[in-house]
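By written order: A, B and C. Residues from 1 in each chain.
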Amino acid sequence: MRRTLTAILGLAAMGAVMLPVAAFAEDTVSAGQFFANNVWMMLCAGLVFIMHLGFATLESGMTRSKNTVNILFKNTFIISIGILTYALCGFNLMYPGEFNGFLGFAGAGLSDLASADNTAGYASGGYTYYTDFLFQAMFAATCATIVSGAVAERIKLSSFMIFAAVFVAFVYPIAGSWKWGGGFLDAMGFYDFAGSTLVHSVGGWAALVGAIALGPRLGKYTKGRMNPIPGSNMSLAAVGVFLLWLGWFGFNGGSVLSADPVLTSYTLVTTCIAAAAGAVAAMTASWTLASKPDLSMSLNGILAGLVGITAGADSVSLVGAVLIGLVAGVLVVFSVMFFDRIKVDDPVGAISVHLTCGVWGTLAVGIFSMNPEHSFLVQLAGVAVYGLFTVVCAGILFYGLKATIGLRVEEAEELEGLDLAEHGGHAYDFGGSTRGFEDELPLGARRVSPAAATLATE
Amino acid sequence: MRRTLTAILGLAAMGAVMLPVAAFAEDTVSAGQFFANNVWMMLCAGLVFIMHLGFATLESGMTRSKNTVNILFKNTFIISIGILTYALCGFNLMYPGEFNGFLGFAGAGLSDLASADNTAGYASGGYTYYTDFLFQAMFAATCATIVSGAVAERIKLSSFMIFAAVFVAFVYPIAGSWKWGGGFLDAMGFYDFAGSTLVHSVGGWAALVGAIALGPRLGKYTKGRMNPIPGSNMSLAAVGVFLLWLGWFGFNGGSVLSADPVLTSYTLVTTCIAAAAGAVAAMTASWTLASKPDLSMSLNGILAGLVGITAGADSVSLVGAVLIGLVAGVLVVFSVMFFDRIKVDDPVGAISVHLTCGVWGTLAVGIFSMNPEHSFLVQLAGVAVYGLFTVVCAGILFYGLKATIGLRVEEAEELEGLDLAEHGGHAYDFGGSTRGFEDELPLGARRVSPAAATLATE
Amino acid sequence: MRRTLTAILGLAAMGAVMLPVAAFAEDTVSAGQFFANNVWMMLCAGLVFIMHLGFATLESGMTRSKNTVNILFKNTFIISIGILTYALCGFNLMYPGEFNGFLGFAGAGLSDLASADNTAGYASGGYTYYTDFLFQAMFAATCATIVSGAVAERIKLSSFMIFAAVFVAFVYPIAGSWKWGGGFLDAMGFYDFAGSTLVHSVGGWAALVGAIALGPRLGKYTKGRMNPIPGSNMSLAAVGVFLLWLGWFGFNGGSVLSADPVLTSYTLVTTCIAAAAGAVAAMTASWTLASKPDLSMSLNGILAGLVGITAGADSVSLVGAVLIGLVAGVLVVFSVMFFDRIKVDDPVGAISVHLTCGVWGTLAVGIFSMNPEHSFLVQLAGVAVYGLFTVVCAGILFYGLKATIGLRVEEAEELEGLDLAEHGGHAYDFGGSTRGFEDELPLGARRVSPAAATLATE
């Protein structure tokens, strides 16, 4: 007897869980399609989940090592609080069912197993209720993570945690309901396939407001010049970008909302082509401008292409995908330079990647879409509405925190690094191998070999 | 002509490999469902595989850099020997078919392609024989990996390798057969969906025995106080925990043993909710107790929630999942403090995560399960049986090794670090760029630029 | 209203995208199977994609930290230019349809959405046209990445970029067409399931030519002895190898070209068993030879087993898989020693892993295949043809570049490290926390705590 049998007996005992196989006769999809669709969507949720590791490593790698623990702590918090608040209220704010188009709420919490509609009738056989929640929850947390990169290395931990919790619980879901929840922007014909605007520019606007509210890091802009503060771990940053690219297979591929073979595979092709074009364009642009091949810019070029293609990955032509990526790759380089010129300090380039290229991608749908119903002006209107709403909300949050509990750490703490100041420890220690017990050991043990002696003095 | 055609011709030539399509008429699942089920299960095997990278990076990150090579070597060995021994005997010990309920063995080695039952009839269409083996083999190796974290930084490499090989080849499969193989605990009604007890507490008990048999690391407990030994690479530790969370999509999601849309998606939701709740609870508990936000504890909180939900991920309510995660997150913090108080040195907190929370999760099934057949007392009995068996087996192994070839490295080696002492090298070198050939080059070449000069003196 | 409905309406508006459900009646696969097949193949493409991160981290970890940015930049370039050139010409060179068996070309660029055949009729329901492109594109870029490891730490960036672009755009696809495109080697009965020869030995031969054309790194072979140059980040190298193993689930599993439950699961089992056997064999061989357990060799043993099984993963017996892995694991150790003896400097062992074991794996099909049509002599002929062609092409490219723009960096740049010399920065900085703004701050701020003072002096 195998686990199977036990599991099936257990399943039978639960009764309500049993899948109504008969139901498929009335549906447009077969049981096999429903199973395949749901497998795809669950795995896409997993891929979007791994984007949180991508952001955590990218941000840690592109900032100084004295703030690494702080960044990792924030990213651990965001995904955790994001899932919990999205279950509590976010999901039902974003998908309230029939509503006034501006604000709706389907009630607190998720449906339990007995009452949830997990049949193939729930979403035309694309996935179950629980898969729907999981996939959308991973998206929601992504939006808040974008902000964390731009405010890194100087924001007060508790203030950021409050911002992130409110942003993911209320701001993102309400904004999302206007399009994906079937609200007024959806009715207007605004199109955003997987979130160039709904996720990336919303995150990017909030990042911009946060970076302005905080001001630049100490020493970043001095005596009229910009001092580059290079990342402390470029391998980790590269790991982050490759994981984000992989995650985008789920971010865009899952936004088809089924495993439809044509649309999913076409979406993955436009996504990968735009990412590749973004990288090559950013390499070329930054190499030309700075006479050096720049790894950070190349990595951001990949992300620029990915953010750019996200709004129209299912509906632009292949040539459109290449052009969207190329333009995004050039844009991100100039955008980084622009924000440095106006002294908005964004340690990882999050504003340029997510806001600039998010806006570009959304407008690009109006240019390159094969669907004649997509309109440039409506896209522009959508971009403006999301910008206005997010700037107001993020402004209230960031400046409200600044006026009350404070937004920025003390100068001394920033200098020392947030890891030691807020967390009491460092992220890295590649030296001290004998810490804490030198006085406990007989002297002879410490002299055992030249190598040990060397280590002991480190 | 494409690869397809060639492949199909090759396939036809093999004859025996052809899938008996006609067979589906008699089965309860369609060919499409069988394909989707098997795809899901293979990918879940891949996700559990990646947990081995998660453990390797978590353990490397949370220990000192002088022992990193040693830890990576151990983890490379475990997955490799684990797969080989599970093929040789583990799989057939764990799933012996009809047996006496205590010990059975279906023979050495795996069935070959001609004789293996890979039809939809094998496991009600959930997966093939080979997928079954692969998924279970990845689980088996996981169990041994848990131990490696607790015994890190002081165990003798060869002794650990012997322990790991025997543990994964015999102890885990025999213990597993009692429940998942249809043995006496399964007959008693004990429930452990994906292995809070069968995998995690079994690994955790062995970790406890190993840590006691070894004693604490030099300098850990001195003059009546506990000296924290912080990890050397917290980015790597965070990478590990996020990969483990991702891997749990397969660990729990695959334990449904098919791609049943309702059960798999529900399982993923309870899993992610418990992980998030565990993180938030551990953050809160450790912040309250230590007045500092602690990254290690937050990461362990995620793992605590994951281990806790594993026994009942398919059968507890959503509220139950939140509570299981919250309690696990608090438990892991107190458990780490407890084991430090009784001077059981566990460098990565493996005992607290896998044993304490594994036991909690198993008992929690008796509290929060929606299935009335699950009983708290039976769960308690199962926990006790697995604890007793594992402690005896691990005790024999660890104390047997201690009495013969020795369990712990020399003091001098421990001080020097296992990397240099056992492997002859270090894991990290972020300085010396000119090592080994200074005397080969003309002096001028070494003075080429200020930067090179700086590097040369590092 | 949910995203689903919107998406479906959008889909309907596009017309041409709609999947012809009726078509399935005439096909051999059901819609469910087609969906599941395509999901599997898309995810396999994602898994092969992640191999590029595996190579990037493996190569960065196994080389010196002064060249890490350079390696990451190269790997970012390869995947990007690889996808673009494969779309532009590679795909249609490799799969030209009916052709003369030596060279064919189906025209520039990919088919657009309206004209592409994405029905289940395209590839017997295994996947769509776009999935086909994506999966093959990820393979193509892999081939060029193999080379980058062997030429690391001394090749001129621009020269490598030219080589990589031409190699992936023309050399690999033309070579590939001879077997997978249905060319003359396919007609001869040559068998290479997933590319031990077509991908790995082709990459490996080019790596060998590149390493010879470049010569060894400064200081590697001096005064008649070989100076080991250890890797700078073994954790990163281990991350790379585990990711490569995971990627191989897609590399081999996807080469079934459908989700056929029997063939895919059998392939994954032989793949994992060979990897495990390779690791154990390389551990044993290197431990015996060097009296130390060697992590690098163990990791290369995994890769050796994986490369070895790739040619016959679907057609050798289980015992054959074990033997292929064991032999590969021993071979890689002796091969590394051999290339060091003849002073071919390969910083990561790429030639030994991909060429030596790629050849072994291809010949092993002639020994262990269960398919009587596979012949050792034909396998040998295929190996020779690919070797000859690749050596000639890579020779023209590498020596052509050497004679024109130059292949190797200046001695001074090599000493300084390529990161500073070519990219103007370092990959790692775990110290300097106050760089760039010491003179901007009041003195008191710099003395805020002993910890900060310590950091300031680092």
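Here, a residue touches a chain if its C-beta (ideal position, glycine included) is under 8 Å from a C-beta of that chain, and two chains touch if they have at least 3 such contacts.
Keep in mind it's a predicted model, so treat the numbers as computed, not measured.
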Shared interface numbering between subunit B and subunit A [over half = same, under half = different]: different
Turning angle required so that subunit B lies on subunit C, C-alpha fit (0 to 180°, nearest 5): 120
Geometric centre distance via CA averages, subunit B-subunit A, whole Å: 28
Contacts with two or more other chains, residues of subunit B listed in rising order: 30-33, 35-36, 39, 43, 233, 239, 428, 430
Residues on subunit A engaged by subunit C in the complex (per definition of touch): 29-33, 35-37, 39-40, 43, 47, 64-66, 95, 97-98, 123-124, 126, 132, 180-182, 186, 191, 218-220, 222, 227-235, 238-239, 241-243, 245-246, 249, 253, 255-257, 259-266, 268-269, 272-273, 275-277, 279-280, 283, 292-295, 298-299, 302, 314-315, 317-318, 322, 370-371, 373, 411-412, 415-417, 420, 428, 430
Subunit C-touching residues of subunit B, taken from the complex the two chains share: 1-8, 10-11, 13-14, 17, 19, 30-36, 38-39, 42-43, 45-46, 49-50, 52-53, 56-57, 60-61, 68-69, 72-73, 75-77, 79-84, 87, 109-110, 112-113, 118, 127-131, 133-134, 137, 157, 233, 236, 239, 422-431, 433-437, 440-441, 445-446, 448-449, 451-452, 455
